[in-house]
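These notes are about the structure you will find just below.
Chain lettering (A, B and C) follows the sequence in which the chains are written, and residue indices restart at 1 in each chain.
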Amino acid sequence: MSMSLQAIHKNQPLVHCITNYVVANFTANGLLAVGASPVMADAIEEAGEMAAQSSALLLNLGTLNERTVASMKEAGFSANKHHTPVVLDPVGVGATKFRIETARQLLYLLKIDVIRCNIGELAALAGADWTSKGVDSGNGHIDVAATAKQLANHYQSIVIVTGEQDVITDGERVEFVTGGHEKVTKMTGSGCLLSAFCAAVLANSKEPFNDLQTLLNEYKQASANSVAAIGTFHTNFLNELELLAEGRR
Amino acid sequence: MSMSLQAIHKNQPLVHCITNYVVANFTANGLLAVGASPVMADAIEEAGEMAAQSSALLLNLGTLNERTVASMKEAGFSANKHHTPVVLDPVGVGATKFRIETARQLLYLLKIDVIRCNIGELAALAGADWTSKGVDSGNGHIDVAATAKQLANHYQSIVIVTGEQDVITDGERVEFVTGGHEKVTKMTGSGCLLSAFCAAVLANSKEPFNDLQTLLNEYKQASANSVAAIGTFHTNFLNELELLAEGRR
Amino acid sequence: MSMSLQAIHKNQPLVHCITNYVVANFTANGLLAVGASPVMADAIEEAGEMAAQSSALLLNLGTLNERTVASMKEAGFSANKHHTPVVLDPVGVGATKFRIETARQLLYLLKIDVIRCNIGELAALAGADWTSKGVDSGNGHIDVAATAKQLANHYQSIVIVTGEQDVITDGERVEFVTGGHEKVTKMTGSGCLLSAFCAAVLANSKEPFNDLQTLLNEYKQASANSVAAIGTFHTNFLNELELLAEGRR
């Protein structure tokens, strides 16, 4: 049943991640656990060259700065030129002007295949009324599915909004994914790793929407299977991802 | 009994951390384990704005550079302006001129509520005779309580010096906290995470001195409860922090 | 039997690491597990001063950028001046021009005692025909022992090429180390940590070649002893390293 993680395991995509230093280790270990090859490279001198040889590109705004934003653009241009899929994770985009401006620039300059965010980040990207809380979801009321659909149409991207109930939409279809366990939100980088997995799935997908929906299901399954005190949860989660990817769950 | 971690769990403070990339992941996971919301943001373009909306600010010198030091100042000014508590962790301050000069600048420019350090760092800040060893304590002989008291008075801060016996002083009162287990020193970032917890406690504290003293006790309790081979210790420690914060220990 | 890790445990060397942010935490925890003292410091303002007081220096190209490359040179000059051993880990050197040029510059400017790499990185440094895959080994055919020997002679370094079978050579002697378990390649930073251990061994070694060969054996032993699902493997691996260093395996 765990077809998307198994596909990653089979295809072993090279995923170029320009991501934040908080979750870089966890992202690399998560990608390795499911059989992908992570490569982190954020210097302007090599960002384009690295993206050109990769199977997919992840741009994550978690600890962005002027230098890494420039590298994200360079890598994104290169990925677009080589028809390499690009995933944007607009971490904490509602928190500061710098984040929202950077996200909008990237979305304007680049063809982004998937935007993976939480509800607060969705609200910020859509200009909706919302109170953000750092890189967490925050509080407010929006129609998640309708807003995500609008965003997907505007940027011609698949939009994935994760939470207690995940929403995935390409602007026409809208699907919901439930299950999982809230414990996963107590592990930093759980959303960031999912974004990296989206990139890994896109690297070899013929039906991106379906394969990403399957991935969301599998990711929720991994968190549900891992429930324990939080330190043990970390360990269990990597174990579960590996087992799912190897077809042993 | 574990009142300070339980208070964090209840208040869920947003803690803005400008910290080193060695411990950023562990710090985020530790804060999440006890129910706080970490946000790491070190770009000059957003440091002030992020600090303004946070409940507390942590400045950690672990892997400082010119760019992040500028952001620390910006975030610190913003925190001071908004009466947001600021914790300074002067990692390895005795090791290089750049570190001691940066620490002194921050202490001169900003109102720092708590300085959390080890004995070697205390000695360096106080200009005492001491042989530092990188970011470890190093060797020498000082009267820790007297030196900490002096520093607390000089900077009008609470000073916490951790070690086999912790010392906490506001320049008048001096308290000692014993217990814990030395194994905790074999886990990188154990001091850094404690500094982040100090920030999280200050976010909602009416009696900072008492609440921080309680925190020191709880942190030692967590390390004593976690004793095992070092890999297992890491897992246990996060488990214990969560259990203490949830009132289950 | 685990004499090199035990020697680290006894000597407690201070290892200055300029390494990538993906593995910085794991490297610090690994060094601490075996009793060494890690210090990460990559600011140009302090790199030379930190290297001068350290027992060994590790230069790792994993997430290099213009700023950290300048600091690597500064730290390297200082280490050379103070006769402090230097280890180079040319992560992903075959992937981009920036990496290979940086590695060649460092090898030209500095006396490097040990180069620790995988086969793909060896091929890149030797200018051999090879298809790299990010920071992984990639594919191609070279005579590993002969190429490593040539490189060792060219740079007057000990060259260690790790893989299913490790090769160590000083340009004359060539030794092979087998054992271990491929699971270790699914844990990010396993090679990077080994490079840091090489630095820690060199800090106090009278017979570097033999002591490093012993280290390679011990490292393979730790991975073989740790086999489990990947999350559990991480925990086991740190446990095993500590047990080996304490002479309890």
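Brief remarks on what is shown
Quick note on the criterion: a contact is a pair of C-beta atoms (placed from the backbone, for glycine too) under 8 Å apart; a residue touches a chain by one contact, two chains touch by 3 or more.
All figures in this text were calculated on a predicted structure; none of them were measured in a lab.
Both chain A and chain B are touched by C. Interface of chain B with chain C: the two copies contact each other largely through different residue positions, with under half of all numbers used appearing on both sides. Between chain B and chain C the centroid-to-centroid distance comes to 31 Å (mean Cα coordinates, whole Å). In chain B, the positions touching at least two other chains are 21, 24-25, 234-235.
For chain A in complex with chain B, the residues that touch the partner chain are 20-26, 62-66, 92, 95-99, 133-136, 185-189, 229-232, 234-235. Within the complex, the chain A residues that touch chain C are 14, 16, 21, 24-25, 28-29, 32-33, 37-46, 49-50, 53-54, 67, 234-239, 241-243.
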